[in-house]
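In the two assemblies presented below, subunit A is common to both, partnered first by subunit B and then by subunit C.
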Partner chain A sequence: MRVDTLETPIAVPAWRGWQSLARRARLRRLGNQSALVAFLLIVSMPIILPYFWMVVISFTARSGGVSTDVLWTACAVVIPAVLIYSVVHLMIPVKTVRVLAAIVLAVIGATALASLVGDKLHWLNYRFLWRANIIEEIRTKATAGGQFPSVWIAFRNSLALAVSQTLIILAVASLAGYYISRFAFRGREAVLQGMLVLHAFPAMTLIIPLFLILHWVGLLDTILGVMLVLATIELPFYVFVMKGFFDAVPWDIEMSAMTDGATRRQAFRLVVLPQVRVGLIAVAVFAFIRAWEEYIFVRTMLIENKNWVMSLYLFWVSDDIMGVDYGIVAAVCVFYVLPSLLLYVFCQKYLTQMTIGGIRG
Partner chain B sequence: MARIELRGIRKSWVGATAVEQIDLAIDDGAFVAVLGPSGCGKTTTLLMLAGIYSPTDGDILFDGARVNDVESRDRNVGIVFQSYALYPNMTVLENILFPLRFKKVERGEGARRAKEIAELVRIGPLLDRRPSQLSGGQQQRVALARALVKRPNLLLLDEPLSNLDATLRLSMRTEIRRVQRELGVTTILVTHDQIEATTMADRIVVMNGGRIEQEGTAKDLYERPATLFVASFVGSPPINLLEGEASEGSMKVHQATLVLAGAAQGAMLLGLRPESVRAEGSGTPARIVAVEPMGREVLYSADSALGVVRFMEAGAEARHREGDNVTLAYRPSDALLFDKSSGRRLDVRLAS
Partner chain C sequence: MPDFARAQVRRQRANFALFLGPALVLLACFFVAPVIVDVVLAFTDMDRTLAVTQLTLENFERMATRDSRLIASLGLTAIFVLSTLSIFNVTFALLLAIVTTAVPKALGAFFQAAWLLPRMSPSVVYALLWLWVVDPNERGLLNQILVHVLGMAPVDLRGNQPLLVIILANGFIGASLGMIIFTSAIRSIPEHLFHAARADGAGSLAIVRHIVLPALRWPISYMTIHQTLSLLVSFEYILLITGGGPFYDTTVFSLYAYRRAFENGQYAYGAALSLILIVIGVVAALGMWRLMDMRRLLQPPRIEVH
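Entry: the complex of A and B
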């Protein structure tokens, strides 16, 4: 009897106590997560909204004007959908339920959008993709003067610039980074510091000398000239990044490869390079995107319209005293952004590792 | 397989000397351990043998031929690093086949040899895995297989066991020894662990400060250490070293005077292994000041006329307690005498 009265009151409150503590911890975790999601949503708004608006304009604007009706209607559909999904994601940690919710919300959202603004959507602003001389069509022949090239020429030039940038930077940065990481040579410290200092200078200050040099060398107004200039200015940074990645590869592995019968070059190619794969991918993506988005140097050094790159094409589409056709500008923007966006989406897991490799040096 | 010889090897960099002077001959098929504390130049010596470093002075000979200028890849040396240095981008089989890529070995023949060596080191079922999917012991075996597949003249092991846990270390010790015996490959093991050296190698080379202190069997090093360094480095728990002063035929240690069997003069150190001192029979009176049970034996420290002497007794149970009075006895022939200034052992013994 006495034993019972002693035991029961102690055991039960303790058990209840654990439960309420657990409930409180769960609630707090949920609260923190919701606060975080809400914060991130709000902070990303100023970035996402303009892009969203850009896409909306490119599919809805007619005769050059811009209105926000469609944007707000679309927001009224998309934002609740995102919020509902966030709540589902937080409350139900089951993958199938989450996927199902995403699909259901996407279908509902798409249907709502189609019924609300479906009749306002059109492809007309994207006609620059198949009509070569688009400006002539919008304005009169007199203003444009038949000078506007097809977007595909600009696209090809941009692609050539970006791909060659990527290749040059990959080749030079990997070899130079390896050399600086592995070999002791006179002036190694100076090279390292010099590269950092060079990167700290605003490259813009070089624009006039570079223009003159290109003019004298005869590379002004050529893709090759811009390619060389950009590679020179960008390289120090990538060499530094690659050095960091090579620093993280242990010496033992190379020594082992060389006693196994490989030459230094074979050891580099067969054993070391595969281990800095992530670094190479990250450097390649960044180099590509840097060249793809380049504006200042191409604006200065490329003149004739057959040498235009995408950024120049965009500039000339939007530049006109007669008024701007924002529908087409937005459509060109979407077309221009798409390759970088795809590249980011597919390679983002490598890009986030770049800093890790860089720091380890 | 080859007979290896090092003649007057020295290695220095600007402002630092790693190896002062090494003269060493290793017979074909022998298993030699190079034992020494970190920074004594043992790994540098190993890398010179592998051809990664080239010696500043001296000659390296494989079967009597000078190989100083032969490149690492042509020396046909197998090496196992402390980190194993497996190629993470290749499977186990590709790792083992890697050395054969650079030799004129037929594909079928290579695969056969890889299988054979994999069976020998018992990693047959792991050939398709990546190094990151293996445990430490398995990685070790793969590294061994990769070093052996090219049938090396010389197998170099650089602290191969120090990244393994204690039980695995024990089994890998016997395993490496077994493989070495089966193939009869000349092997050099570099280690700072005396147990590893004594259990695996036929002969041990003790290095310190870029020089060889002594070379011999485990028994030689233990019973007749050439220098103070060897006496204190080999043996666990460490040897007692008691300071004394010798003149004519006697030696004064602390408050005791010992009779010498020969002539010696000057500052001396008397070396007594803890296991050769016993607390029984008649001898020097002493008082126990510390008791440290070590499992199978107990280590005591006792204050006596000789100074503080550590001694060991078998059995898990401590037979003496702190403050107990005992008498310490040892065979005079077990005591070692070292000249304090040169650090070398003297041939003089205590008189019985």
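Entry: the complex of A and C
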């Protein structure tokens, strides 16, 4: 029927009908999408707002209470900007326009923020980075001198723990992953199944016996002991991740290396290992972040303050001066979060490659 | 045995020790040994002095007959796990996955990144933010909104509704893992199915009901088991946010075992309590590897040369 009207000379009104139909469909789609974005914005607020607050007070709070004027002023600038950009993004599918809109909005937002709250920003809360006894200075009465180590000691401990744990995991998991991926040996199925059970098994339940074992072998309250425990309880997961990467390497290159006279070990080291570079990076980044953020095990197994890692430093700082000085606590938070967050953002393309049994880790 | 065969056996053993040895030693020392230690410990009377004087069944007797706090913590655990799981880790995760895949890709990625923030930030930081949000003062973020925007009286959620706080805090993290896994499952649905459904006149809800949900049946059942187990054994955020309190009001079972051992020094009793979790863990682990693709994992290797 429609086709008939299209072919007749009076096709113009019908054609207009299509136009308005399309317009209405587009409008309805825009309405639906805006509703969905609005829904997401509302349910995400409880997450975005606290993190935003943390950053804002780390740059604005002064000793004593905490004023939130700056937070709400900043929100009044940022939220409209995000909303306007969302509408632009939904309505205009052209990339250059979108980028242009983003830049214009960012410039306007930054100028508005600078003029409204610019004079309230300061670096004072980050002075814990260069003044060793900052916590004692704030709480002269309650805290004995030297109770808090410099933040750089905690930073160094965290770094030592995370780096050594990562190196152990890289070495052990790639060796084991390669072996169970490529070698035939007696008991292979038993090893695989045992490791699968350990992988799914919640290691948190073993915290009491692990504490005692470290105590008995004299590794309690040492970075080395915690490092071994953390490396082991995550090991089955990394072995399977590495096995997955080795499984994906074609057999042909190994075969040809061996027909050229290489031994299995040489083939592994010189030919196969370079092929799983992405897997090694993914495992390294993930293992580093996990150790960097660990709390329960370090809380239980590290006691003396010279062994504190960043999570313990932050915990005790907040425990001590939470009510007195929000700004410093927030600044320590930002300092602590930043390395792992940057790693996540910049290594995301490696992390998404990790799969195990069809489940992304 | 001819010489080359003996050499081959020797090389096989050397390879086994070289490649698998380090992993097996570590796992034996810090994974298998702790399980055995825990089982033995449960039958002893180790206390704060870390000395064992006798083997006894006293811990199990106490669990079965004399510990009323244990029963309370079991009930609490059931409420905590079931409500966090059903509200956030599955339902809300599903909602997030469906909505973020329905909006344009850049916006969806932005909101997914926002939801991943709690998972990416250290637990101490995340817990501190919750303490700020529910601060009973007028300074607390929640109270500022309640007082200044809605004109209500300030509330003390941590003191009066501690269970709600730990469910929310754990749920906001739990939702993101489900969101990622469900999103990748939705993205792997062939595009033409959506077009075909649209052409057949299906609305958005019908598409969710008849195309998206059936494709998610396997991920949902996997997530349910996985998250039940992890909620059952993890107490990190509870310890950081409420410390299990006020009094024992938010002390779930796993935290109860931890507090008995490290707060009261009753290591043997804590080990006996953990034993229950270990048994649950082993059963769930066995159940979970049935769900995995075993045939592909156990595929035999193709080169027999060592």
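Just so we're on the same page, the second predicted complex is superposed on the first by the 278 of 361 C-alpha atoms of A that agree within 3 Å, B and C clash if a C-alpha of one lies under 4 Å from a C-alpha of the other, contacts with A are read in each partner's own complex, and residues count from 1 in each chain.
Just so we're on the same page, a residue touches a chain if its C-beta (ideal position, glycine included) is under 8 Å from a C-beta of that chain, and two chains touch if they have at least 3 such contacts.
Note that the coordinates shown come from a computational prediction; the quantities given were computed from them, not determined experimentally.
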Check the contacts made with subunit A and report whether subunit B or subunit C touches more of its residues.
C
If you stack the two complexes on chain A, which partner ends up touching A:49: first (subunit B), second (subunit C), both, or neither?
second
Who does A:271 touch here: subunit B (first), subunit C (second), both, or neither?
first
After superposition on the shared chain, which partner residues are touched by A:218: those of subunit B (first), subunit C (second), both, or neither?
neither
Once the shared chain is lined up, is A:255 touching subunit B (first), subunit C (second), both, or neither of them?
both
Set of subunit A residues, in rising order, touched by both subunit B and subunit C
255, 258
Hey, which residues of subunit A end up touching subunit C in the complex?
32-33, 36-37, 39-41, 43-44, 46-51, 53-54, 65-66, 68, 86, 89-90, 171-173, 175-176, 178-185, 188-189, 191-193, 195-213, 215, 228-229, 231-233, 235-236, 239-240, 247, 251, 254-255, 258, 264-265, 289, 292-293, 295-296, 300, 310-311, 314-315, 318, 322, 326, 329, 333, 336-337, 340-341, 344, 357-360
Of all residues in subunit A, those that touch subunit B in their complex:
250, 252-253, 255-263, 266, 270-271, 274-275, 277
Per the touch rule above, subunit C residues touching subunit A in the complex are 12, 15-16, 18-20, 22-23, 26-27, 29-31, 33-35, 37-38, 41, 50, 96, 99-100, 102-104, 106-107, 111, 114-115, 117-118, 120-125, 128-133, 139, 141, 144, 172, 180-181, 184, 204, 222, 229-230, 232-236, 239-240, 254, 257-258, 261-262, 267, 270-271, 274, 277-278, 281-282, 284-286, 288-289, 292-293, 296-306
Quick check: in the complex, which residue numbers of subunit B touch subunit A?
47, 50-52, 72-75, 77-79, 81-83, 85-89, 98-99, 101-103, 146, 150
